[in-house]
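Please find the structures below.
Okay, so subunit A shows up in both of these, paired with subunit B first and subunit C after.
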Partner chain A sequence: MDLHRKISFPRIARYNCAIKYIIEMGTGASYIMQPEMTKRTMEIGTKYSPDYVCTPFKSSLGSMIEALEAGADTILMTNGLCRLGYYGELQEQILRDLGYRFDFINLSEYVTGKLKDYLKAVKRIDPKVKLPRFLLALKDGLKMGEYVDNITEEYYKNCGFEVTKGEYKKAFRQFLSKMETARSRGEMDAGYQAALQTMGQIPVDKPEKPLQVGILGEFFTVMDAFSNLDLEQHLADMGVEVHRWMNVKNRMLHYSGEKNLNIKIRDLCSYEMGPTSTANIWCAREYAEQGFDGLIHVKSAGCTPEIDVMPVLQNISADYKIPVLYLTYDSQTSDVGLMTRLEAFYDMIRMRKRVL
Partner chain B sequence: MEHAYLGIDVGSISTKGVIIDKDNRILSSEYRWTEGDPIGAVKELVRSLEAGFDKEKYKIVATGTTGSARKLAGTIVGATMVKNEITAHAVGTTTFYPEVRTILEIGGQDSKIILVENGVAVDYAMNTLCAAGTGAFLSSQAKRLGIEVEEIGDIALRSKHPTPIAARCTVFAESDLVHKIQNGHSREDIIAGVCNAVVANYLNNVGKGKKIESPIVFQGGVSKNTGVVAAFERTLGCKVIVDENGHLMGALGAAILAKKSGNRNEFDFSMEEMEFHTREVTCGRCTNNCEIICVYRNGQMIDFWGNRCERGANFK
Partner chain C sequence: MDKPITIGLPRAMLYYRYKTLWHSFFEELGFSVIESAPTSKLTLEEGAALAIDEACLSLKIFLGHVKALIGKCDYILIPRISNFGINHEMCCRFEALYDLTRNVFRESGQKFLTYNADMIQKKSEWAAFMGLGQFFGFTVKAANKAYRTAKKAEQRQQKAEQKKQELLYRSEKIKILIAAHSYVICDAYIGKPVIEFLKGSDVVPIRADVIDPEDGAKAGKELSPTCKWQINREILGSIVQNRDKTDGIILLSAFPCGPDSMVNEIIARRVKDLPILNLVMDGQNGTAGVETRLESFIDIIRFKEGKL
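And then the complex of A and B:
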C-alpha cells in the first residue's frame, strides 16, 4: 500500500496555498488543489446536505467532492467553535454513503488542547514525519496566511480608487499565484515584498476622506468571496475603502484571547458569546469610533452565534449613528438581490456623508 | 420647448411610469400590471404615457428606471439613470415630504423600511429570503376568500373583532387562516386579521430593531389597502400618511434622479414600435456556467449581462 497521501482541504477564502505549503513542505504527503468553488460546487454540496444546515457546510461538502474527483485520497477537515465542530463527522458519513473511498482526518478529534493529541494528527498525515521539519513548515505556512491577509487588506482598501482599471487585481493575482507555487520561505517573502512594492506604486485617486465601510460577520462567509458573492469587490468598485478585521491573521494568529477582548465590550454584553461574536462586537465598535460611514454584517442563514451579535450591533448603530446593513446568505448564486441592497447602502452613506 | 423627465419603475407585480416637469409636477402617469412580461409592460406603459403627454410643449431629456427589472427596462428605453428601488423611493418621498422620518414600503414581492433624518436616508432594511407580509400574500388570500384584492380594505374596515392570525410566516399564517375560516369566524374579521398579520409580520421582520418615528409615510401597492393602513395606525399609535401618488413614488424618484444627474439623452417614443426580445445563454467557459442574458432590439444585440468573470465579458 502506498503510504504517500494525497491530501486536500475544502476551499476556504485564499488560504489553501498556505495549507498546501504546510502539508508539502512539512510532511511527505502531497496536496491536491481542487478547482475554485463555482456554482457547480454549491449545487452538488446542496444536493447532498441537510436542507437547514448553514451554507459553509454545503460549500465545503461540494468542495470535498471536487477534491476527491481531482484525485485526493485523504480529506482534511477543520475543527470549529460552533456547529462547525460537528461538520466533519457528518460530511465524512455523507461522502461514505455516496460511495467515495478515502481517508478522513477530522481535526475535531485531535484538538483537545493537549500537545500529544495534535501530534497524533500530524502522525496520521505522515507516520514518518520529522517534527522539526513540520514545525518549521507550519510556522512558515502560517506566515504565508498572514501575508495573504495583509495583501488582501491592502487590495480591498485601495482597488476601488486605482487610476487604471485592473492594475490592483493583476498585482493581487500575481501575488496569489506566487504563494501557490512557493517552495521556501525565501520565495514566499520575495513574493510578498514584490506585491507590496507593486501595489505601493499603483497610482490611486483617493479623496482625503473616502467612504469607509467595515465588513464583519461569520468567519467563513465573510472571508470567502465566492460565498459572499464578491461583496468586498462590488463595494470597492463603487469607490469605497473596504475594511475587514475578521481574518485568519487577526482572529487566530494574533488573537488577544476571548477574555481579553470580552473585557473591552462588557458594557455592551455581559457574556462571552461564541466563536467570532465577541470579536465582531468589539470590531464593530472600533469601526464606529473611527468614524466609519457604515458597517455590513455578513452571515449564512441560521448562523446562531452571528444572530446573537445582531441586537448588540443595533445598539452600536443607535449609539454611534452608524448604519448597519445585515446580509444573510443561503445557497443562492444570483447576486441581483445583493446588488440592490448594496447599491442602496452605498447611495445612502454617500448622501449622508454629504449632508452631515 | 420645456424639458421633461421620465421615470419608470418595473416591479414584480406592477409597472409604474411618470413624466415630470422641472418643478416635479406630474405631466402624465400610468400604472399597470407587469404580468410576467416586463418588456411588454414597459412598451404598453410608454404608449399610455405618450397619450396623456403634450409632445408639442415638452421633450423628455432624461429617463430613469428602477424596480427589480430596472436594468432590462433601462436598456430598452435607453435610460440615463438606472437606480435601485430603495434609493428611488427615498429620493421620491423626501422630495415631496421633506419632514418625513420613516418610510414604510410594501410591494408585491418585497418590503422595506427607510429611516430618514434631515431629508437623507440614514438606515434601511429590506426583507430577505421570504416574501411573507407582502402584496403577494394579500392577493393569494383574497383569491382564497373569493374577493378582489382591491376590496380587502373596505371589508376589513367593517370588522369589529379582527381574528388573530399567526403572522410569523406566510405558510403558517395560511394554515391558521384556514382553521379559523372553518371554525366559523366571519369573513370581515378574517380579512381584518389578514391585514393585521401583514403589519405584524412587517414590523417583526423588516422593522425589527428600527426606531419608527413620525411623520411616517406608507407607500407601495399595499398602501392602497385601507385595511392595512388602519392596522398600521392602530399598531404604531400614530397617523400614517398615504400619498395619492404613493404607488408612483419609485417612478417619481427615478425621474427626479435622472433630472438631477447631468446625463442627457432624448427619449424616443418610437421604442414602443420596436421589437425587443431576450435570450438566456449559458456561458459554459467554466463550471460556474453563468446565465448570460442577451437583449436584442429588432434582432440586434444591444446589451448583455450576468457574467461573473471576464471569460464571459466578450460574449457574443
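And then the complex of A and C:
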C-alpha cells in the first residue's frame, strides 16, 4: 500500500501556500493545490449542501471536490469555534454519499482541550513524521502566513494610489508565487524582503488625507477575496485606503486575547459574544476613534456570531457618527449588486468628507 | 418591609430549560419573579422589528418577550451560557444574548441581570449563582442554600418529565419523536400548534429534548461523533435511544437555526430506517401549509405500517 499521502485543504484566502509548506516540509506527504475558487466551485458546493448552512460551508465543500478532482487522496479539515467546528463531519458524509473515495483527517476529532492531541492527527498524515522537523515547518509556515498578511495589508492600503496602473498587483503576484514555491525559510524571507522593497519603490500619489475605510467581519468571508467578490480591490480602485485588521496574523498568531481587547469596549459588551466578536467590536471602535470615513461589515448569510455583533456596531455607528455598510454574502450574491451598493457608499463618504 | 425586587424572565430561549432553577433560586431569596406572556403573533412582530433581519426566528421571539417586560420589573434575567466543557457547547447565540439584548435596548433604561456559565474558562454555574447572590448583598451561605434548593427542584422537575415521557412510549398509537430545541417545541406560537395537530390526529408526539442531559450527550456521540452542541447532542442521544420505539421523526427547527441546519442534515443522512419530516418554521402566518405536510407525513407512516 502506498502510504505517501496526497493531501489537500479547502482554499482559504491566500494561505494555502503556507499550509502546503507545513505539509511538504514537515511531513513526508505531498500537497495537492486545487485551482482557485470560481463560480463553479460555489455551484457544486451549493448543489450538495443543506440549504441554510452558512456560505463558507458551501464553497469549501466545492473546493474539496475540486481537490479530489485534482488528484488528492486525503482531505484535511480544520476545527473551529462556531459552526466551522462541525463542517468536517458533515462534509465528509456528503462526499461519501456522493461516492468519492478518500481519507479524511478532521481536526475536530482531536479536540480534547490539549494542543498535544493534535499531534495524533499529524501522525495520521505521516506515521513516520519526525516531530522536530514538523514543528520547525509549522513555525516557518506560520511565519509565511504572517508575511502574506503584511504584504496584503501593504497592498490594499496603497494600490489605489499608484501612479502607473498595475505595478502593485504585479509585485503582489510575484510575492505570492514565490511563497508558493518556497522550500526553505531563506527563500521565504528573501521573497518577503524583495516584495517589501519593490512595493516601497512604487510611486504613489496619495492625498494627505485619503478616504479611509475599515473592513471587518466574519473570519473567512472577510479575508477571502473570492468569497467577498474582491471587495477590497473594488474599494482600492475607487481611491480608498483600505484597512483590515482581521487576518490570521492578528486574530491567531499575535492575538492579545479577549481580556485585553475587552478593556476598551467594556461599556459595549461584557463578554466574548462569539469567536471574532470581541476583535470586531474593538476594531470598529478603534477605526472610529482614528477618524476613519466608514466601516464595512462583511459576513456570509446566516453567520450567527456576526449577526449578533451588528446591534453593537449600530451603536458604535451612532456614537461616533461613522457610516457602516453591512454586507451579507450568499451563493447568489452578484458583483453588480455589490458594486451598486459600494458606489453609493463611496459617494456618501466622499461627500461627508467634503462637508465635514 | 420594602417591596421585593422583581426579576423578569423572558418566556423564550433557555427559559424552558432553566425556568425551575431560576424561579426557585430567586423566590428562595425573597424576590418576586414575573414572566412574559406566551408567544403571540404580536410578540414575534415586535421582536422581528427589533432584530437584525437575518437573525433566527427564536431570537426574534426572544426580543419580543424582552420588550414585553421592559419597565415591568427591576431586572430582566439574561444569562450568558457558553458551554459546559469541551464539546458540550451552546450555539454562539447564547454567548451573545446578554450583550446583544443590552445593545438593542440601550435607550430603554431597563436594567438587565446576567450570569456567566463557561466551564472551558472554569466559570461554573455554581460560582455564577453565588455571584448573583453577592450582587444583591446575600452571603455565600444564603446564596448557596438557595442554589441547592433550586437545583433539587430542577432535578425533581426533570425526573418527573422524563418519567412522564417514558409512559408515552408504551402507547399503542403511532408515536412520533419530535427533534427540536425546547424553545421551539414548547413555544406557544411555533411549536404548540404542531403538537396540538398531532394529538388531534390520534398520534402521540414525544419530545426528544426531554432526556437526562449527560446520558443524552453521551449517547448522541454514536450518531454524530464531533457534534459539539450540548442541546443537539441530547436530541441525537434521544434518537439513538428511542428510534426503535417510535414510528417516525419530525425535525422541527426555527429558520435559520445554525446548529440545526447541519445536525438535521446528518440525521437525515444517517437515520435510514424511519420516515423523517424536516419541518422548518419561519413564523409566517397561517398553519395550513404545516398541517398539510403533517397530514401527509402521518399518512406515510400509516401506509408503511399497513394501517391506511
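The rule we apply is simple: the second predicted complex is superposed on the first by the 351 of 356 C-alpha atoms of A that agree within 3 Å, B and C clash if a C-alpha of one lies under 4 Å from a C-alpha of the other, contacts with A are read in each partner's own complex, and residues count from 1 in each chain.
Everything that follows uses one rule, which is that a residue touches a chain if its C-beta (ideal position, glycine included) is under 8 Å from a C-beta of that chain, and two chains touch if they have at least 3 such contacts.
Everything numeric here is computed off the predicted structure, so don't read it as measured data.
Of the two partner chains, subunit C is the only one touched by A:275; subunit B is not.
Shared-chain residue A:176: touches no atom of subunit B or subunit C. In the superposition on chain A, A:308 makes contact with subunit C only, not with subunit B.
Once the two complexes are laid over each other on the shared chain, residue contacts for A:328 go to subunit B and to subunit C alike.
Touch criterion not met for A:121: it reaches neither subunit B nor subunit C.
The partner of subunit A that touches more of its residues, comparing subunit B with subunit C, is C. With both structures placed on the common chain, the touch criterion links A:225 to neither subunit B nor subunit C.
By the touch criterion stated above, A:109 is placed in contact with subunit C alone, subunit B being left untouched. In the superposed pair of complexes, A:202 makes contact with neither subunit B nor subunit C.
Look at A:142: by the touch rule set out above, it reaches neither subunit B nor subunit C.
Taken together, the two complexes place residues 301, 310-311, 314, 328 of subunit A in contact with subunit B and also with subunit C. Residues 50-54, 57, 81-83, 85-90, 93-94, 97, 106, 108-109, 111-113, 268-275, 277, 301-302, 304-305, 307-312, 314-315, 328 of subunit A are the ones that touch subunit C when the two sit in their complex. Listed in rising order, the residues of subunit B touching subunit A in the complex are 68, 83-87, 90, 118-126, 128-129, 209, 211, 286-290, 308.
If you check the complex, the residues on subunit A that touch subunit B are 35, 38-41, 230, 301, 310-311, 314, 317-318, 321, 323-324, 326-328, 330, 335-337, 339-341, 343-345, 347-348, 351-352, 354-355. By the touch rule above, subunit C contacts subunit A in their complex via residues 52, 54-56, 80, 82, 86-87, 91-93, 95-96, 98-100, 102-104, 106, 114, 116, 120, 224-229, 255-256, 258-259, 261-266, 269-270, 280.
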